[in-house]
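My questions will all concern the structure given below.
The chains carry the letters A, B and C, assigned in the order they are written, with residues numbered from 1 in each.
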Amino acid sequence: MPTRIVVSGLAKSFVMHLQGGVELPVVSNVDFSVESGECVVLGGPSGAGKSSILKMVYGNYGADGGQILIRDGDRLVDVAAAAPRRIIRLRESTIGYVSQFLRVVPRVSALDVVAEPLVARGVDRDTARARAGAMLDRLNVPRRLFDLPPATFSGGEQQRVNVARGFVTDHPILLLDEPTASLDAGNRSVVVSLIAEKKAAGVAMLGIFHDEEVRSAVADRIVDVAAFRIAA
Amino acid sequence: MNALPPTAATVAHDTPAYNFAYLDEQTKRMIRRAILKGIAIPGYQVPFASREMPMPYGWGTGGVQVTAAVLGPDDVLKVIDQGADDTTNAVAIRGFFRKTAGVRTTTHTAEATVIQTRHRIPEAPLAEHQILVYQVPIPEPLRFLEPRETETRTMHALEEYGLMHVKLYEDIARHGHIATTYAYPVKVDGRYIMDPSPTPKFDNPKMHRSKALQLFGAGREKRIYAIPPHTDVVSLDFEDHPFKVQTFAQPCALCAAEGVYLDEVLLDDKGGRMFVCSDTDNCEERRAAGHRGALAGDDISRKDRS
Amino acid sequence: MSALAALPESGEEKPLLHVSKLSHWYGERLGCRDVSFDVYPGEVVAIVGESGSGKTTLLNCLAGRLRPTAGVVEYLMRDGRARNVLSLTEAERRFLARTDWGFVHQNPSDGLRMTVSAGANVGERLMAIGDRHYGTIRETALDWLGRVEIASDRIDDEPRAFSGGMRQRLQIARNLVTRPRLVFMDEPTGGLDVSVQARLLDLLRSLVTDLGLAAIIVTHDLAVARLLSHRMLVMKNGVVVEQGLTDRLLDDPRHAYTQLLVSSILQV
């Protein structure tokens, strides 16, 4: 199984210029890797920097040092150093992300929110919408909501739209930031089985799960982020 | 009046103190230079130092200055206003040049060497030895849509003429056809878009490869432009809405002419009307040659009463 | 850095617009200084910053509407050659501006002909490049009005009779009808109601995606930047203080000014 993500020597701190330039160290010397077909879970207490690591891997946060090597087809790309549009292309082709909260786009229907990443990857709109509908069905989103923009949905419904959007594509790498946080037991188990299917398909996953039950169901390994807490 | 040599102050002694054709020689030279430049660049509006003339703007100050600059003592001048030789403006300008230049005047198109016109081109084809001088109120065809002179000049310079079709588009969108019936824009010599002055579009084809030199003078706007003889003049249009001239359902009521531009004349307040030649000279000559229209030779008022 | 990671991308495409060391001074006063960045085909770049930060000066320099004091702006022409925009003749620049470029003004009346119909506003660029078939022009205009959600029965109305949002949508259609590859936008949603803004943003977003447009959008509204742009330049006092991936700049701002901007967003 090829290695999809290799993180080494990664470091991150925040400099708060509005608070007199105080520096908040987050993590340093982060080292781990994720293989194809495995789900690695970042563990540790809240505030340990799990989410920051996930966001750095996605390119959403900048890194202060170290490398984040991502296998993109037959190339390796260092997200920590890549140009913005390289990262954008990487997100289209390789890295999917399920965030905690749905960022709502005005007027776009739930179905199109889910279909959008497929369209961006070149799937034709009808096929994309059909696959999006199937995914929403699986996550028990009522069909009457498909054509409505999710802005007015409940937190759980929005989260499911978000999960559907993340899982609908066949990105070889998937980053999961608390995808089950506000789901009921039934939908949590849908997500667990979605993750199992992704594993079987060889997708490398890196995630954060606070829910003990889900974590133990999906995690192949747990990387303890507390160990990276400013080792120096 | 007899022809006199073209030197200063040679007009008959009953017209004191005027130089030949009113304008001083330097001014006429300046205008001639503008005319020559205009001829060299067909359709291009040449700025010139328009003078105050003894008539209000809108009465042909531009045309009169051009006429004054090209007129020689041997010329025979015809002046028409809306095709007619007998309207106030035409009569006054003829009188003006008779007085200040002592030139012979005429109403016969064939006889004239210089024809100053407002809003018409004579029906009879013009010849090489003739000059047609147009009075122009607004020389800039793009002005309708683009008020900035700096911008319209740039558009001419760069041949950016899409805007002209916007005007024609608007016509079709609003009326179902190109409803512009006068001052219909033309392209001269394949280069400049030109406003032919407010002549009816009926006259546009007459400008195309005309044997006569055509000069345009706009006094208030201080522009002169020209179409040299035998120059291509093409009316703008769309492929699916080609340029067409007006047609008239009936011939001239006086001379029975067809294929000429007719004026509608109201006869009473009960809807009585007749259509007669706009070109009065053409009409008179046809009648003299024996052509008779439906109302020709009758006492119109009596016939109407009956 | 490992040798593998440092491998250059093969078949790297050329930037559509290449800006290098661009500066503009209004006499003694600085407009913008030493701005450098590239825009690639299909990429949307937002220029953000407060009023007076030099955003619009920069945009006008890029679009050839203002001659910069120093610097280079290169544009990749349709024939694949990069040309310095500043050394184009006026005729070439104007031709570029009405075919391969678009410019969307904040105030629609600056970009529209207010006294001719909506259809003619859209059709003007077509006529300017030599389209001479009324039926085709009108059909294309109708198609574009539809795309910007203006009812077809408004085609013969003048923009004077349109609401602000409609006018802005009409301006967009007028610009896009020649399928430009690069569109400059100066506060395209400025001065519109929030709901109207949302509709316009959504429309812009889908048009940009569907047509693969590259765009440079000047805005002071970070939400607009987030929604529409891939990359962002943050300007302050005429200088670009930070640039990069839009979501990274908004979620992990580094420069003090960017942090201030981000922290000043009202949360709803």
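Rule of thumb we're sticking to: contacts are C-beta pairs under 8 Å (C-beta built on N, C-alpha and C of every residue); 3 or more make two chains touch, one makes a residue touch a chain.
On a predicted model such as this, the values are computed, not experimentally measured, just so you know.
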Discussion item. Suppose chain C were gone and every other chain stayed put; which groups of chains would still be connected through touching?
Written reply: A | B
Item to complete: Find me the chain with the mean Cα position closest to the mean of all the protein Cα atoms on display.
Response: C
Worksheet, complete the sentence: CA centroids of chain A and chain C: separation to the nearest Å works out as 31
Worksheet item: Measuring from the mean C-alpha position of chain B to the mean C-alpha position of chain C, what distance in angstrom results?
Response: 48
Worksheet item: What whole-number Å value describes the gap between the mean CA coordinates of chain A and chain B?
Response: 78
Discussion item. Using the touch definition from the top, list the residues of chain A that touch chain C in their complex.
Written reply: 14-18, 55, 59-62, 67, 69, 75-78, 81, 84-88, 105-108, 120
Fill in: Residue ranges of chain B in contact with chain C within the complex
145, 154, 158, 160-163, 165-166, 169-170, 172-174, 237-241
Worksheet item: Which residues of chain C touch chain A in the complex?
Response: 1-2, 4-7, 9, 40, 43, 198-199, 201-202, 205, 209, 227, 230-231, 244-245, 247-248, 251-252, 254-256, 259-260, 263
Worksheet entry | Contact footprint of chain B on chain C as seen in their complex | 90-91, 94, 113, 115-117, 119-120, 123-129, 132-135, 137-138, 155-156
